[in-house]
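What follows is a pair of complexes built around subunit A, which joins subunit B in one and subunit C in the other.
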Partner chain A sequence: MKRLINLQPSRLSAMMLALLPFVLVFFAYVATSNARLEANPNDKLLPAMTSFGEAMERMALTPSKRSGELLFWRDSASSLRRLATGVGVSAVLGLVIGVTLGALPLLAAGLSPFVASLSLIPPMAILPILFIVFGLGELSKVVLIVFGIAPVIARDIQGRVREIPRQLIVKAQTLGANTWVVILRVVLPLALPRLIDAVRLTLGSAWLFLIAAEAIAATDGLGYRIFLVRRYLAMDVILPYVLWITLLAYAMDRGLRLLGRRLFPWQAVSA
Partner chain B sequence: MSGHTALIEARNVWKTYGDQVVLERLDLSIAEGEFCAVVGASGCGKTTFLRMLLGEEPPDRGQILFDGTPLHMEPDAGRSIVFQRYSVFPHLTVLGNVLLGLELRQSPLLGRLFGGARRYARGKALEMLAQVGLDHAQHRYPSELSGGMQQRLALAQSLIVQPRLLLLDEPFGALDPGIRADMHKLVAALWREHRLTVLMITHDLKEGFALGTRLFVFDKVRVDPQAPGAYGSRVTYDLPLKRPEDRALSAAVPALAMA
Partner chain C sequence: MLDTLVNRRHRGFTLLLLCALATLLVSGSASAAEAKKKFKVAWTIYAGWMPWDYGENSGIVKKWADKYGIEIEVVQLNDYVESINQYTAGGFDGCVMTNMDALTIPAAGGVDSTALIVGDFSNGNDGVILKKADKLEAIKGQSVNLVELSVSHYLLARGLESAGLAEKDVTVVNTSDADIVSAAATDDVTAIVTWNPQLGEILKTPGTHKVFDSSQIPGEIIDLMVVNTATLAANPDFGKALVGAWYEILAVMQKDDDAGKAARSAMAKASGTDLAGYDSQLKTTRMFWTPADAVAFTQSADLPKTMAHVAKFSFAHGLLGEGAGSAEFIGMGFPGGVVSGDKGNLKLRFDDTYMKMAADQKL
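== the complex of A and B ==
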């Protein structure tokens, strides 16, 4: 028998092992839910699978009585639009700030501590300010996401740029490049793969800020809906929504990873 | 100024880091077309000297002249360099790496060439790649190349801008002996063909003798055992070498065998 530290799962067993916790949680849920519903058929805490089905049919397939819209899809579209805008703006801002500060020591000396301080402000603490300044509409939600993740991305990119071997920067200059061209042809392309990673890592926070903002002031959105139906203890809506958000987040992470591999083949090879 | 033109002239150059004297009273001059090898124990300041020639570090005292005028204290297109590692750009293909030299210089706004200019540059780059034997690998990325191929690429990339001075910083230090021998042949051929002026730092004395037309030894003249940093290095031997390999000289200077 080999030592535990040397045991490697095969492909198949790795897949089975990965599925196992999901299956266990599922069955544990069904068992507990059944037991509770047997004791009290009106229990709302752990609805049966059929109730989930009914709830989602109501939300996703039946037009709402009040507005005639399919609420689930409207919520998804609104949330994804806010998230995409926020993350997109953050990525661009983070990249520009990070690359500039990383490549130009003079600017970094002036702005680095400032950006570092900004990134330490808890974004939720300034949400009221955002509501006051930008109103309760879309803008304040997007700004919250940007404020929450852009500084993190910027600092990450700045760190990556600092890691670029000095030799490459010198080399580019000996090939006749000016500052701008060094940044454009050397620093920026070397920093881009890290941008994908930084966005992947900050997506979790982005979702957090999005749902928080929607919970406090919105008229649609996945976070808004969850907090709205909480009043009726509607676990049959909340749980599928949470599952859907998780699925979306997973798909985005996967998609970004694939995109990174596709766009930067030179990196995948070295790994 | 002296009548004959020296490409590089160092006059009474000093460099200290804190209370550590690295170079003291360093004098040397290199004429156009020479292949100078610089050897010395580690910490003798040969890399510091190279960084000065690159313009990365100014001398504390003294003066370095490049073609008769004070050296520009910033890396620029007159001096090209091949480092031991990290000389090629990982995000560009082999061809892209060589093209880069032409693109960076000719296009100060975008760093890229288009249309006819690009086709012409591409032709030149491929020619250069053929000279170092990499034309078959033009679409590969550096991470897919062996160490020797990466250094060939670094040479091609440096030479395409036709530098006045080619600096080599232990360029073959990380390579296997067999590959190193191949690289020596390649460098010697390129030196002749492009009529280059080369300054090569190496810790391999044999390599210095095999390639150089001139060999500089950096060493300390004075040593204070109580304060190892009190005195710096300078050129202790300046040997003109006959090419090809003049091994007899190596025997004539037994002290060098220790370097």
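== the complex of A and C ==
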């Protein structure tokens, strides 16, 4: 039936359609940038593509005059280390809290409303408290990420555990499983794939908190650099950094999805 | 490349894309400066810039704009750097900023800018604070929290110079000005450079010492009203109205009568403090209360020297852009035809023309 909802793009045209918005944005950028540069050759707002190349060569390939380091790679390494620590700790915390609260109603009665409230506090609003408790160093940056995403992951896992059909739990018990074994053999295998999803979904927030933390007090990092050079409108550095962050985030998302498929073939991880 | 990828069915899309491009090309071209009637200036909260808030609310700005048959919109922005970036991108015809930021953001960005009003200089409003020592020399080896590449950074560099130290003797930690007070409350922060009102707030904590401040480098951190040079040239009335309004506001607020107190109270309230607090901030701000005062400062031979210092600092920190081969890369103009730096790249002008008109009461 020839209706719009039945029309499927071929592989090639699907690829074309996917590329189209990118191409469109690219050309729109180049056109506007050219127009601005024509009016003012020193315009910093929308630099030409060649300026990006020069800026990145300077940031990624030329040792910095002051410290002799390759700033781009140092920024990337610092940010990724913070992000990985923050997300890793959050995932473990979220899993442990989520599974225990989901599986043990007695604990849930006591702690669930607390975790729910915690997950609703905007972390940026309590920054001064975080500073005073955790200082201004690496720890506070990781804590900001953990505070921002761990409660969300925990609540998601808890919800997933609650969804496990009661029959499964009863069945396991008739086969002689105690609480520990039920958690280990029934609850955990069903919760773990969801953990991958939860981490994927909270990665965006994690980046947000990372950049915010680096903007507030830091000596390196992707967010630090962006906020530093923003001081003199160096869009030739900022835009490649933004692109790089997007690429990293995309790669992490894909990577996690692949990991989920590999590790938990029994559960189709959502696309 | 596109044609080979696009199959017949998607030719429509290609057309659409081309149309969109054409539209963008037409709409994207930047407009050159021309005579116009509506102007927008941006300001942010700072002791020396609060008069703009009062001028807008009391109708003084409108009165002067009406006199010259134009409209001036005075817009408050929350973020200082963002306001300068907006000005540089062409979103505003004028914006308040310091002499250093005028050089490193609009001028380095190729936007020819004119310091229309030299409003004040920081005379203690910016300072270096140490927690465990009361001498600047003790800063050696410490981590210093400050807004990197700002006037705080410049102040630190000047302070270190005076103590026989260099920037490599300390570790600079970029810290947002919005969070610097809470940052200062933590134990691992021992050295801070910031400006008022944050400076005063941090100094309230016992055990903190102000070891260096801007009164030791008088006249080097200058607060300006900067306008687009081309816009000003095409619309002298814009300059006249702004300058006229500015000195009328100052005339009202400097008096100690009821009207003056009311004006200062309004400014105090808008900047989150009270009359006493605002008055104490004004004490560390050397305002040029009369146009003659400002003209004398702008014409003095010290100003080019100060700006040379600022240009040197900016160049050393890469703030003049990649194209800059030396600190003289950007030309700066001063009254009487004095030019420093590259004459072919004159992007920052200190112009006393309009302030002089105010001094001669010709506005």
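To be clear about the criterion, the second predicted complex is superposed on the first by the 267 of 271 C-alpha atoms of A that agree within 3 Å, B and C clash if a C-alpha of one lies under 4 Å from a C-alpha of the other, contacts with A are read in each partner's own complex, and residues count from 1 in each chain.
Keep in mind that, in the parts below, a contact is a pair of C-beta atoms (placed from the backbone, for glycine too) under 8 Å apart; a residue touches a chain by one contact, two chains touch by 3 or more.
On a predicted model such as this, the values are computed, not experimentally measured, just so you know.
In the superposition on chain A, A:Leu12 contacts subunit C only, with no contact to subunit B. In the overlay built on the shared chain, the residue A:Gln167 is in contact with subunit B alone; subunit C does not reach it. In the superposed model, A:Leu247 lies in contact with neither subunit B nor subunit C. Looking at the shared chain after the overlay, A:Tyr232 reaches subunit C, while subunit B stays out of its contact range. More residues of subunit A are touched by C (comparison of subunit B with subunit C).
In the superposed model, A:Gly137 lies in contact with subunit C only, and not with subunit B. Using the contact criterion defined above for the overlaid structures, shared-chain residue A:Ala39 touches subunit C, although it does not reach subunit B. Shared-chain residue A:Thr219: touches subunit C; no touch with subunit B.
Shared-chain residue A:Leu263: touches no atom of subunit B or subunit C. Touch criterion not met for A:Met49: it reaches neither subunit B nor subunit C.
Interface of subunit B with subunit A (complex): residues 54, 56, 74-77, 79-81, 83, 85-87, 89-92, 100-101, 103-105, 107-112, 141-144, 157-158, 161, 163.
Interface residues of subunit C, counted against subunit A in their complex, comprise 2, 5-7, 9-10, 13, 17, 20-21, 24-25, 28-30, 32, 81, 85, 88-89, 104-105, 108-111, 145, 147-150, 168, 171-176, 179, 182-183, 185-189, 318-319, 321-323.
By the touch criterion given at the top, residues 10, 12-13, 15-17, 19-20, 23-24, 27-28, 31-32, 35-36, 38-45, 54-55, 58, 65-66, 127-128, 131-132, 135-137, 215-219, 224, 227-228, 230-234, 236 of subunit A touch subunit C in their complex. Contacts from subunit A toward subunit B in the complex involve residues 165, 167-168, 170-178, 180-181, 184-186, 189-190, 264-267, 269-270.
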